[in-house]
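Chain lettering (A, B, C and D) follows the sequence in which the chains are written, and residue indices restart at 1 in each chain.
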Amino acid sequence: MLIAATLAILVVMIMAIMRVFIGPTLYDRVLAVNMFGTKTVLLISLLGFVMGRPEFLDIAIVYSLINFISVIGVLRYSDHFIFKQSGQSKK
Amino acid sequence: MKDLLAVAMLLSIYGLLSASFFVAMDAVDVAFTEASVGAGISTLLMLVAISMTGRAEHPSRHKPLLALAVVIVTGSLLIYGTLDMPYFGSAEAPIHQHIAPRYINDSMQEIGVPNIVTSVLASYRAFDTFGEVVVIFTAGMGVLALLSVVRRSPVDIAKIVLFNDAMHERHLILRIVTKIMIPFILLFAFYVQFHGDFGPGGGFQAGVIFASAIFVYTMLFGMNTARRVINQSFIQVLAAIGVLLYGCVGVVSLFNGKKFFDYSALAIDPVAGQHLGILFIELGVGLTVASVMVIIFFNFAGRNETPRNSDKQDL
Amino acid sequence: MFIGLYNYWVVIVLMMVGFYIVIAHGNLIKKIVGLSIFQTSVFIFYISMAKVDGGSAPILADEINQYSNPLPQVLILTAIVVGIATTALALALAVRIKEAYGSIEEDEIQKQDNLD
Amino acid sequence: MDAFIHISSSLFLLIGSFLCLSGGIGILRFPDFYTRMHAVGVTETLATAMILIGLILYNPDFLVDVKLVIILLMTLFISPTAGHALANAAMLNDKMQKDDNKQNSEVKSSTS
């Protein structure tokens, strides 16, 4: 069962990567990266159980934090671009 | 891809993927570091830099054929070179014969720390790690020297204030959730710092996580607020204190009649001395890494959005 | 016969991708991205060397006899953090070049240099 | 009792994997950004929660359970927030682009 869940998550990760490549807008890409990050958290927790040493869940915690931080960062700096663009077009 | 922001996204995914690969390869400490560094901080720095240098890459006018030829020749030579290498995962490979068995078998008696990576990092190869910490410190100083110069082109102050106001109104939910999360991130950083002897973790990782909490704060509440919370010159002193703390541990053991970084001199019981030494060294590493990362980020972000006046006041 | 060597080949492919980006693209940010891909391929090389079949993570616990090699992991752990510090330095240089020349494209910078 | 816990944990894992997959298909097949956002936002939180609950049931060790609960809480906090921020930013972007287009067309009409 664990291995089946791991495989499912791997498939979903591949789908997310495809969306990052296709993604017409920046936000599609951010969404896919965010999803990819969440799936990585799950993958790591599952891998810990599959390999029989589940005490390394700290890594998964770090992942969920870092995922959040990078999404905020992307939004923050993409706002910057929107702002710049609108400023330029108004000039 | 021409859009550099998309490149940064893909780099972040690459970091996440390589970190999960490290977990699969049993390198939990490395995965820890790569998770916080490769996926988080390097993406952020890349984004800040792109926001300053412009988003679009010019259409290429180069001839890729020559480069491709060079790459293919080098690659095939390297592949030819691997044909003699030991197979993947074989326990008889030369790399596993010489010093690793000593670390695996004896480190529990000699150092008394279950995490072998920590004991090798902080005790057996402490001098090496000292060098790395000095390199990080120097890189931080380099960024400081390059970016703390006041820039000549005037910045439109009104525009920036407007922008910051817009940010604050829009991200109310984000700000509140972040306010709740930040103490936990900091707490988790301390856990990683002091739990490094027993599980994955240690000074490097803790420093990076600590710094990333400050990054979030800076991104959401603006540079000026963050400057008020965290004094820049204090952070610079802190970075130096970290390196000095590391060096001092070595000097103390030198004065006590042992070798440089031989921590058994620190206490009567050699194993307790090792514990104490590793604790101090990890603390030094954590301080340096966290403050250097904060210095780097403040200089990047500060160049982006602070008006000139406040820059002058800071000087 | 050589199928057991695939880890090195993956590393070499990644390394060459990074190398190609560094030499073929004119944009400095792209070059830095290429360098970081190159760097990560070296990390993967070391870590895959450290793996032992049936081994476990090198944190001592009961009931486990076979551990992977801790030494390459230590080297890479420090190398990652040093790598981000040097990447930050490179990005800082790129930002300064942008301010001084108004561009981060290699050929444009060279054109301006030749004019002087 | 043991068998019951085992079966229920398998069931949770199965539901979680199914939700994951549906979210993945959603992000790939839906036509525009907001529908994709819907697919991911709805499935992601629930799938994560399901898989983590499955793991908690599967695992007897107390400390590991605590860590799993921490991850679960973290996800429940973070992923809706990130989704909200993302939707907000995308909406603002759309609005701004529309404004720009309007302005541009106005400028054009006034010049012509």
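Methods note: a contact is a pair of C-beta atoms (placed from the backbone, for glycine too) under 8 Å apart; a residue touches a chain by one contact, two chains touch by 3 or more.
Quick caveat: nothing in here was measured; it's all calculated off a predicted structure.
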Highest contact count belongs to the pair B-C
Distance in whole angstrom between the CA centres of subunit A and subunit C is 21
The distance between the C-alpha centres of subunit C and subunit D, rounded to whole Å, is 31
When centres are defined as mean Cα positions, the distance from subunit B to subunit C in whole Å is 14
The positions of subunit C in contact with two or more other chains are 56-57, 61
Residues of subunit A that touch at least two other chains are 30, 51, 55-56, 58, 61, 65, 67-68, 72, 78-79
In subunit D, the residues touching two or more other chains are 78, 81, 85, 92
Pairs of chains in contact here are A-B, A-C, A-D, B-C, B-D
Within the complex, subunit B is touched by subunit A residues 17, 20-21, 23, 26, 29-30, 33, 36-37, 40, 43-44, 47-48, 51, 55-56, 58-59, 61-63, 65-70, 72-74, 76-81, 83, 87
Within their complex, subunit D touches subunit B through residues 77-78, 81, 84-85, 88, 92
The subunit B residues in contact with subunit C across the complex are 4, 7-8, 11, 14-15, 18, 21-22, 25-30, 33-34, 37-38, 41-42, 45-46, 48-50, 52-54, 57-58, 60-62, 64, 67-68, 70-72, 74-75, 78-79, 82-83, 85, 87-91, 93, 95-96, 99-100, 103-104, 107-108, 114-117, 120-121, 125, 128-129, 132, 135-136, 139-140, 142-143, 146-147, 151, 153, 198-200, 202, 204, 207-208, 289, 292-293, 296, 299-300, 303
The residues of subunit D that touch subunit A in their complex are 9-10, 13-14, 16-18, 20-21, 23-25, 27-28, 33, 36-37, 40, 44, 47-48, 51-52, 54-55, 58-59, 61, 63-64, 67-68, 70-71, 74-75, 78-79, 81-83, 85-86, 89-90, 92-93, 96, 99-100, 103-104
Contacts from subunit C onto subunit A in the complex sit at residues 56-57, 61
